[in-house]
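Structures incoming, each one as structure tokens.
Shared between the two complexes below is subunit A, which pairs with subunit B and subunit C, respectively.
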Partner chain A sequence: MAPVDIADSVPYSERPEWSDLTPVAQYENIQPLAPIFYNPDYKDATDYFRGVVKTGELSPRVLDLTETIIRLNPAHYSAWQYRYQTLIATKSSLADELILTNELTRIYLKTYQVWHHRRLLLTLLNDPLPELPFIEEILKVDVKNYHTWSYRQWLLAHYNREDMWVQELPLVERLLEEDVRNNSAWHHRFFVVFERGGADGEDTVRQELAFVKEKIALAPNNLSAWNYLRGILDHKHLPYSTQADFTKLYVVSSIALNEESVVDLENPRPSKGAQLPSAAAIEFLADVYEAEGESGLSKAVELWRSLADEHDTIRKKYWEYRIREATVAAPD
Partner chain B sequence: MAPTTLLIDKHVRYIQDLGKHTDSLAYHLTAHLRINAVYWGLVALCVMGHPDALDHDDTLAYVMSCWDDDAGAFGAHPGHDAHIHATLSAIQILAIHDALDRVDVPRVTAYILALQQPSGVFAGDAFGETDTRFLYIAVNALALLGQLDRLDKDKTVGYIRQCANFDGGFGSVAGAESHAAQVFVCTAALAILDRLDVVDVPSLGWWLAERQMASGGLNGRPEKLEDVCYSFWVLSSMSILNKMTWIDADKLIEFILSAQDPEGGGISDRPENMVDVFHTQFGVAGLSLLGYPGLQDLDPVYCMPASVIDRMGLRKGWKALPRRPL
Partner chain C sequence: MSWLPRSTPIDGYPTKTSDLQSETEDVLVSHLPREDTPPVLNKNPHLQFLVRNLVQGFPARYTSQDASQPWLMFWTLQCFSTMQVGIDPNNKQRAIDTILSWQHPDGGFGGGPGQAAHLLATYASVCSLAIVGRPGPKGGWDQIDREKIYKWYMSLKQPDGSFIVSTVGEVDVRGIYCLLVVAYLLDIVTPELIAGTAEFIVSCQTYEGGFASASHPYFAAQPDEDASPHCLPFPRPNLGEAHGGYAFCALASWVLLKPFLPEGSSLNINGKRLLRWLVYMQGSEIELGGFKGRTNKLVDGCYSWWVGGEFALLEALGITGHHDRSESDAHTDGNDEAWADVDAFKHFTDSLFNRKALQEYILCAGQHPAGGLRDKPPKNPDAYHTLYCIAGLSAAQHRVFPSQARRRQLEEAWASDGELNDRLRKTAFVEALSWLEEEGTSKVIGPSSNRVNATQPLFNLTATHTEGIMSHFYHQTVPRWIPTKAP
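After this line comes the complex of A and B, so read on.
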């Protein structure tokens, strides 16, 4: 995030149109920890900004000044806040401001403030539809950016419009096509399908199970997809045992592809070359056995052992904890 | 070769020198975090057993110079507008120095409470940005000031509930993806409010354990890179849930130590990157929770020296790994 070079621009202290304003230096009447030597451009602009705040001026030139500061330091929350107040007070075009904000969003997408400013503008403009393709464009720069995603989720929840919601699954599918391990996209899918209420009937569940299993087949060690599978089952209170046949295909070290020629759509097989066994599948199947009670316990313990000793050794202590918890009789 | 022990002397010097490079542009661009940086540096120094490495009087004078008398709270630097994050850092620094009597408690309490939104979440300042980080900051600050009774706890907990996700984690706002830093702020806020019953402990404990990568380091979300700061976000949450024994402590210690700068001191986000005080503090904090020898205890709930929180009688039921002998 390189600050924009404003070396060519005239300092505010040399601009005749600003000569009426008294700049206020930082640390007036204050004993700092150490002497301060400022970057001259930034010092110049922020001195005038403090001067503006002191007089309470809300005028078009303040928009220019705050833009300069924001371009030098997009995390300057007071400059953003004062800019917003000025926009409202001067009845400036918010549509124009959104165009400027588009540019600033592209440059400073990791800064909270630029997204919050955008949200304030949208709340007044009330035109959310063009936001969706804009956000998708921004996601191309950083596909897991937290601010970008939470802004999109805010838009959807805030406006709650069918013509917006329908765009979401195609977006998620495009992104998972590019990277099946994109956890942000998986989270968004859950948000869209299960958290808006109403639209998660039996058909949806069947469709989502098919979708996630197909993606697990592509990359059997993808935690995001396994979490999604568990998420569906937990959300709909379905037992994990409903997925035991599917999971068993992923706990073996290799799979004989000619073993079964009939394609089972319910239980897609690991793709060719997939890394097996999948630790996430072993864990899932162990949960299935554990839920069976005493009869499944030894099978569950065997699977946990294999995780502790071979397939997930970094979490050895966790798997040993699971074995202890499940096998220790007489809870207190 | 990567360092294999904690270079305490180098880190103490690094933190002491932070305020001296004031002619760099980077110094000014981070002015909005200055008081936070003093807090991070001070906590790291306390944990490393050098609480007096920053001058007591200078530090307190600096904190008080950040007071924004119009707002009735602290800004990030003298002359800066008040912000809830800066306000917490000021309170934390003063608490460490046992100097909370300098705070105008009624005004600061009013400032914080006024930032709570109808949904229960808190805004960070008058600009209105909301986030569970600010909610935690409010809860932490009110607890340190002894003003928690003034908070609408049910409303606050209600918002945290809205941020709970299907994977057991928490996001920054309702609907947002689970993220280790947001898991920390929600879990720690619930701990302070004595409402850990809200947490799905088996799911969240497992989600946290899953953050450890083959390198030993922790990441903040599935399929993302490991980073030293998650040593704090993840471990503090695990210690609050009493699940610290679920991770491979030796490998994580090795990872944190390998991110030190053996020449100039300081710790970076991962080996070979530039150090900063933020990652230095969170690296040292993580090591303390892992029982690294010779360090002081860190209270993960408040991210403060445990001795300070114990003195104030605010300790909650967290559990770190036992301190290893030197």
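After this line comes the complex of A and C, so read on.
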């Protein structure tokens, strides 16, 4: 179907092919509160859409009408829904519809409906492979768009195909190379590595720990990376103390950091530009001490105090809460 | 100003995210509160902004919200309620008539007349009717077709306990939250309706502690359409990262569903991890303590409510800023009601987030000089951000919590009418109405005229409006609560 040129389009009320349909005004017998001042094109098209809904017509001209409305207001979920039902009823080409949806996705990537329409089409077309490069194209426009990512994750979970999964880690690595603070990319990494099920053995864990620690070294105040580190340990029920030596490198101030000749691959050192101490590292180490019980408690409290009073003052109440919780907790 | 808060550290390694963060901090720093002049809530220009939208209407750029007309109505009406402004009977009636024109003949409310019924539109419509409606002919409440809503709800239910938002629509936790609120308000909660839904909510929590939009129930497409899909045991994969808006909807849903879990159920969310994630959503001093919606994203006024409003909900999980733990336990099972609540007041001095800073963000950065509130400067105001900034201000000013004493009072006053599901209905009624504002502890930054009303944190309605509509649909009289002043 050719896209409609809205600027030149004739109002539906003046189209002979629509003369058989009675348009329905939005508000007929009431004076509405909080109305919207629509432009005439939109009012015209939606009057005819209400007319169509009333008669229940499912025909090719409805496809034209709903496309017009969607282009004027892509969040009009009823137009999308009616369009989908019309596509099915008229046995229209879903492959053609996907081509049109590609265009609409590029323009309206922030709307729920365009992504859901895609998902409905894919479920019937069952050809997910070309979707992956398409999504990457959309990610270039907005690399953190929520709908784009949740759609990609749906696609992977729904089809669960090896030839799809293999493309994911290289993508994540590229994106984190570009911007190590991209939390959507970190979340996708977690999804791919740990939520797929069955693929997260010991090797994977070692590999992920090495990966995230290297990224922390690059920018030690990046919360996304620290959250990923915590995510791995929580998910695999590994104690935080396994990362104590690494974390200790990040709680000292930059000046106090001695040059060391031995390179420890397990515990990469902070980059030259690192602004230390990293508050996230202090928090992590406090958790390590807290888990030690009685013996570590005073060290944990000291670290929380330093967060509350100096390194993370906006969360003062939270750090004080942590101190209370840890110290008030029943000893046995 | 002599003292400037420090910028977010970028570790000598700038990226697109940190560039955007720095640019935002450069703008926000010029809105820092001034020590000599306390920030003022400019109620009049905001009210003018709201009245203009309500009575004259919304300008053409709001066409993008044509399918969200109930939301435009709710955002505006609830702003009035929170800002302690009543609506005249004539406009109330116009509001009722307008809202009823969105009711779909097959149940539920749509985004406008002739639009398909939608879970979100139904929440906004019913909550708007809670504000302006009344019983009787033309009053709005008795014209809601509850039986049809219930049937329509059941038609949206999915095998994993979730719901699609409309016929052939998407699944997400916003829809579930909206469905549960309406089911509570209209007294249509049943075991069948909510079966499996708590499991779905739990499965949306991400490794960061917040919640995703949805989870996926199973791997692999099922070529055999007749085979009933099998749900994965936990964890099911998350669709999307932890997000403030979804986290609010998921947490509120959890609080609404928790009372109906079978006794001894081990199902739970990770409250500790959620709390940690929530406090990390608060921006630092240079961001004026506003909230963001995701890790490494920018602060935005609407998360004042979506994230700031969640701390009250945590109270229902026993996660609280109460100082004295043993007292709050005594409070739970103490038998002297008045004593128990007085004690709670005495020991409350704190919260888990920075209430002062959040108020400063809303007052200094969130207000548009010409009226209305916004995401952040220099953006324009809109109806959505106006409500959620004001609601966030309310959450920052007041401590609202589920009171044991109020709960007992409601339980005793419950008049059983022998209807089916009497126990369940009673639970819903009591759970929704036991929220109280802690008297005498509101922390208003700036002049006392900055004070806005407290809201019931599960629904984002005032206690008065919640009680009004629920007492009607549950056929109950709500006993008067006489607050005991702190000594």
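The rule we apply is simple: the second predicted complex is superposed on the first by the 310 of 332 C-alpha atoms of A that agree within 3 Å, B and C clash if a C-alpha of one lies under 4 Å from a C-alpha of the other, contacts with A are read in each partner's own complex, and residues count from 1 in each chain.
Methods note: a residue touches a chain if its C-beta (ideal position, glycine included) is under 8 Å from a C-beta of that chain, and two chains touch if they have at least 3 such contacts.
Note that the structure is predicted; figures quoted are calculated from it, not measured.
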Is the arrangement of subunit B and subunit C around the shared subunit A a clash or a fit after superposition? clash
Of the two partners subunit B and subunit C, which one touches more residues belonging to subunit A? C
Is A:Ala274 contacted by the first partner subunit B, the second partner subunit C, both or neither? second
With the two structures laid over each other on chain A, which partner does A:Tyr318 touch: subunit B (first), subunit C (second), both, or neither? both
Answer with first, second, both or neither: which of subunit B and subunit C does A:Val328 touch in the superposed model? second
Report for A:Asn227: first if it touches subunit B alone, second if subunit C alone, otherwise both or neither. both
Determine, under the contact definition given at the top, whether A:Tyr84 touches first (subunit B), second (subunit C), both, or neither. both
Just subunit B (first), just subunit C (second), both, or neither: which does A:His76 touch? both
Is A:Leu58 touching anything from subunit B or subunit C once the two structures are fitted on A? First, second, both or neither. neither
Touched partner set for A:Ala244, first subunit B, second subunit C, both or neither: neither
Of the stretches 6-14, 60-68 or 222-230 belonging to subunit C, the one that collides with subunit B: 60-68
What part of subunit A is shared between its subunit B contacts and its subunit C contacts? 24, 26-27, 30-39, 42, 50, 72-73, 75-78, 81, 84, 112, 116, 120, 144, 146, 149-150, 153-154, 157, 181-184, 187, 190-191, 194-195, 222-224, 227, 230-231, 234-235, 314-318, 321
Can you list the subunit A residues touching subunit C in their complex? 24, 26-27, 30-39, 42, 46, 49-50, 53-54, 72-78, 81-82, 84-85, 112, 115-116, 119-120, 123, 126, 143-144, 146, 149-150, 153-154, 157-160, 178-184, 186-187, 190-191, 194-197, 218-224, 227-228, 230-231, 234-235, 271-275, 278, 312-318, 320-321, 324, 328
Sites on subunit C touched by subunit A in the complex: 8-13, 15-18, 53-55, 57-60, 62-69, 72-73, 76, 91, 94-95, 97-98, 101, 110-116, 118, 165-170, 206-208, 212-214, 216, 218-221, 232, 235, 237-243, 273, 275, 279-280, 282-285, 289, 294-297, 321, 323, 325, 350-354, 357
Would you pull the subunit B residues touching subunit A in the complex into a rising list? 19-20, 22-23, 25, 28-29, 32, 58, 61-62, 65, 77-81, 83, 124-129, 131, 165-167, 171-179, 206, 209-210, 212-214, 216, 221-224, 245-248, 251
In the complex of these two chains, what residues of subunit A are touching subunit B? 3, 24, 26-28, 30-39, 42-43, 50, 72-73, 75-78, 80-81, 84, 112-113, 116, 120, 144, 146, 149-150, 153-154, 156-157, 181-184, 187-188, 190-191, 194-195, 222-224, 227, 230-231, 234-235, 314-318, 321
